[in-house]
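Chain lettering (A, B, C and D) follows the sequence in which the chains are written, and residue indices restart at 1 in each chain.
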Amino acid sequence: MKIGLIGLGRMGVGMAANLLAAGHELSLYNRTPGKADALVARGASLAPTIADACTGDVVVTMLADDRAVEAVVQGAGGVLESLAAGALHISSSTISVALSSRLAADHQAAGQRYLSAPVFGRPDAAAAGKLFVVAAGPARDIEAAAPVFEAVGQRTFNMGEDPAAANLAKLSGNFLIMSVIESLGEALALVDKGGIDRGQYLEMLTSTLFSAPIYKTYGSLIIEGKFQPPGFAALLGKKDIGLVLEAAEALQVPLPVASLVRDRFLALLAQGGEGLDWSAIGGLAARDAGND
Amino acid sequence: MKIGLIGLGRMGVGMAANLLAAGHELSLYNRTPGKADALVARGASLAPTIADACTGDVVVTMLADDRAVEAVVQGAGGVLESLAAGALHISSSTISVALSSRLAADHQAAGQRYLSAPVFGRPDAAAAGKLFVVAAGPARDIEAAAPVFEAVGQRTFNMGEDPAAANLAKLSGNFLIMSVIESLGEALALVDKGGIDRGQYLEMLTSTLFSAPIYKTYGSLIIEGKFQPPGFAALLGKKDIGLVLEAAEALQVPLPVASLVRDRFLALLAQGGEGLDWSAIGGLAARDAGND
Amino acid sequence: MKIGLIGLGRMGVGMAANLLAAGHELSLYNRTPGKADALVARGASLAPTIADACTGDVVVTMLADDRAVEAVVQGAGGVLESLAAGALHISSSTISVALSSRLAADHQAAGQRYLSAPVFGRPDAAAAGKLFVVAAGPARDIEAAAPVFEAVGQRTFNMGEDPAAANLAKLSGNFLIMSVIESLGEALALVDKGGIDRGQYLEMLTSTLFSAPIYKTYGSLIIEGKFQPPGFAALLGKKDIGLVLEAAEALQVPLPVASLVRDRFLALLAQGGEGLDWSAIGGLAARDAGND
Amino acid sequence: MKIGLIGLGRMGVGMAANLLAAGHELSLYNRTPGKADALVARGASLAPTIADACTGDVVVTMLADDRAVEAVVQGAGGVLESLAAGALHISSSTISVALSSRLAADHQAAGQRYLSAPVFGRPDAAAAGKLFVVAAGPARDIEAAAPVFEAVGQRTFNMGEDPAAANLAKLSGNFLIMSVIESLGEALALVDKGGIDRGQYLEMLTSTLFSAPIYKTYGSLIIEGKFQPPGFAALLGKKDIGLVLEAAEALQVPLPVASLVRDRFLALLAQGGEGLDWSAIGGLAARDAGND
């Protein structure tokens, strides 16, 4: 398949490598082109402009936030202007539900096709082709995109015909991760002040009811207080909880735990946490308890 | 080992059966004695009084709440008056941290030994001998209790020398379960109102980052709205979150998610939820969102 | 003074009447011009276009929200295009801090002057010229605007040189009103369920420590459950708490009570409260407690 | 009237002085008797035991908390044992709703009469006879107590026939004060970080919608950060919000703002705030925002 990929951050680079490895003809665009060098050496072509990455059947965008996606897709010389009628845009960035809806409408008006397909997984999962793809859009487009999803991910979940649903599912999944961080942070602050060894307590949790990897991962980070370097930056966490609450406001759904998580991020950032991992909000309960 | 067991509710019955099966000499006391019949038929003896259940090396108590434990242990003719010097009381009930500390002091003053060993697991796990035992107390007593723990559980976790630590660990574990119920309830209310099929969304969660059984169990209960009959009653959930907050107050640890969960239980009970499973608090976010 | 006034809603009409009564030469613009008839009969002139309302020394805008202000000020043929260099725009609408900052920059770039001067008070206070004016901007401009403020208000408060500060002060004042509604709603739900007559309880509060009129006003509305017709609509309340949280996010200030109030508004609207007064959020605590 | 008064803290001393000044025959008991000296010099008699303070028509108790009241009233040689049949106990301490109900039952069983009459006002109001009395109990007893209430207070509010109602009203009034402190703390943190002078902002609030004295008092304390010496200690604030939540739990009324205030007190105390005024919780929003 002839595929363009726009956005060579840590996630995009891994996805590109796996698309290449799967035998696709890959054209890469990045604002700072140096990022593509290693991939070009392995057979990808460098697209000097966004339009050059939009000449195939499919273009995948994997960018940082709404603003970047708006610029790349809706801007002058962007994807909307460049993509052929009938070609498919797969948006894998974690963007707002509202923007995803606007992109769907814009592509439809332009006679193009649009899928939303954000992913779960950190850069190492992207490099390994082990992402989880959360896709939504017209059934035939999801079918058409299967080779792309198979190359980058270990499994695809279909959230229905409305592309924005995939973004909502992704964002609410991130909200659940943040709620685990917050709740674990509270429980660990409590048992620590009660004289329990937190490592043994976490071992107990993760060997019994809380056997999911996120409990082990985030529990360890909180216990070690190891919030640098960031695996996923606190600023991105704040962005995502903001997008969750924005979607919840539009849908009129009160989410008290999400509100609390947002306040945690604001406190973290206000106190100098810009450079930390998002799991650093899990350390605030201990600080409130005077544990440090 | 000669063991007394006091409390033949759904948990105690399962534990007794496994102690018998492991070859221990078992004496059973229950306020309403009929509950012991089947076990007596299989070789246990019936203790007409609490004192009669306290003639062995070990007595295990598995009762509903602080009040029941206070009556059985500290009351006239209770465990404290009946147990021989040097004999061991293993308290497996989910009781308050404060009561556990008082029991430890009382037993020490009486020349007796005391362990706190609450368990994780529902009645089916108790029947199967598959409980998780969370134990705390002097190391030599935990060692001495190993045959008991091995009979009733699949694994024992040691929370240290202070018996009350096991109660704090158990309660904070229950708090984490409740925080999962609340967070899932919020996320499911959001995606439902956003037009996503909740079953597919839950499948996505539990196949990826949230692979722990509690997400599957409680997510399904919330989606089906199947809160009757209660596996674990809402009133017990309210009791436990109350004990969490009581311990947190004594230790001066603010727990905002726990406060929120407590308010959910009050709302549930105020609106007629007495007969429901504790997971029914996971339905309140949807009700607030007008989803029903 | 030659003054233009744009926006003849319930607040603008009252302000216009008082500007006229104070002897100013008044030109009125409203999207639906009929609203000006009575005022024209008393000496005001009708401005057929926004530009026609911008020919004097001062133009006052009193509009519903950010969108309306953006259209009127920044739109084609709007205030920015129409106002003479050196003339003064007084923005009295309750708008976002961010928009107020943008307007300040735009007017400066256009060689015009800009004050932010939102007001406290309901339509009856506007009609009586008894508003409280919360003004911010360059000192000489506030001085120049004094005749306007004196005509429409009973007192002016100066929040400093940065126009956006007045908007922040106004919004955070509205937040405090909402926090009174929420807290009163909780207290009234509690004493009601405890068997106390709410009217006597409110009389006690307002005769002692809580003698401010808002306690009497909102307490009575909550007790009577009289949320229709709206004096200030729930949708506007939701808009304002959203602007408070938006400003708080930009400044990185966690506001847990504000987050809670926002969730109340979402619940209210999700359950059909669109047509109600904002004080209807004060009835939700009673509903959660099953008091109805 | 022949009156006994038990409890000569800062509040009790003021009340005693005004009872004396009103011409009543006053007998005083305090655990540490030296506190009575000045009042004895002015004509009061010193009661060496609780029983000696219970020989009149009325005994008033004004003590620190539930524990003190239980000891004085229900303890050996206490008010219940000492008071004559038909004599009246007026409990003015801020105690729990549950204890007040138990005292009512105990006095009834003993053939004695019982009123609950907690007060609003600080020690200076007690000294000036300007307290607000919140009374509840049988109508004829409230009538009988009128001379006492008139001596110590400026006005009496009747909360009905159930004595515990007065305690609920007092506690929920204290909750409202705490909610003002919290909300003001948030608003002041916001405007401060937004560059507004907090003093001018508070002047604006208290000159307009928030003209009640508590806004001025607590707003000034928060702005000055002057939380020492305590006018009303943080530990007492925590006690009272605990009693509010305990009553709310018994009545099944979720109170989210009260939960939040409780968490603030825990954070304050955990971080060394034991010696501070309760208004110090109003400084935590600024700390979370990194304003210091």
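Here is the rule we go by: a residue touches a chain if its C-beta (ideal position, glycine included) is under 8 Å from a C-beta of that chain, and two chains touch if they have at least 3 such contacts.
Remember, it's a predicted structure, so these values are computed and weren't measured experimentally.
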- If you average the Cα atoms per chain, which one ends up farthest from subunit C? B
- Inter-chain centre distance, subunit C versus subunit D - centres from mean C-alpha coordinates, in Å: 38
- Note on the structure: Distance in whole angstrom between the CA centres of subunit A and subunit D is 53
- Note on the structure: By the touch definition above, subunit B meets two or more other chains at residues 248, 252-256, 260, 263, 266-267, 270, 288-290
- Message: Once you draw an edge for every pair of touching chains, what topology comes out, line, ring, star, complete or other?
- Response: complete
- Interface residues, subunit B side, partner subunit C - complex: 256, 263, 266-267, 270-272, 288-290
- Item | subunit B residues within the subunit D interface of the complex | 242, 248-249, 252-256, 259-260, 262-264, 266-267, 269-270
- Message: List the residues on subunit C that touch subunit D in their complex, please.
- Response: 97, 120, 132, 134, 155, 157-160, 162, 164-165, 168-169, 172-173, 175-177, 179-180, 182-184, 186-187, 189-191, 193-197, 200-201, 203-205, 207-215, 244, 247-248, 251-258, 260, 285, 288-290
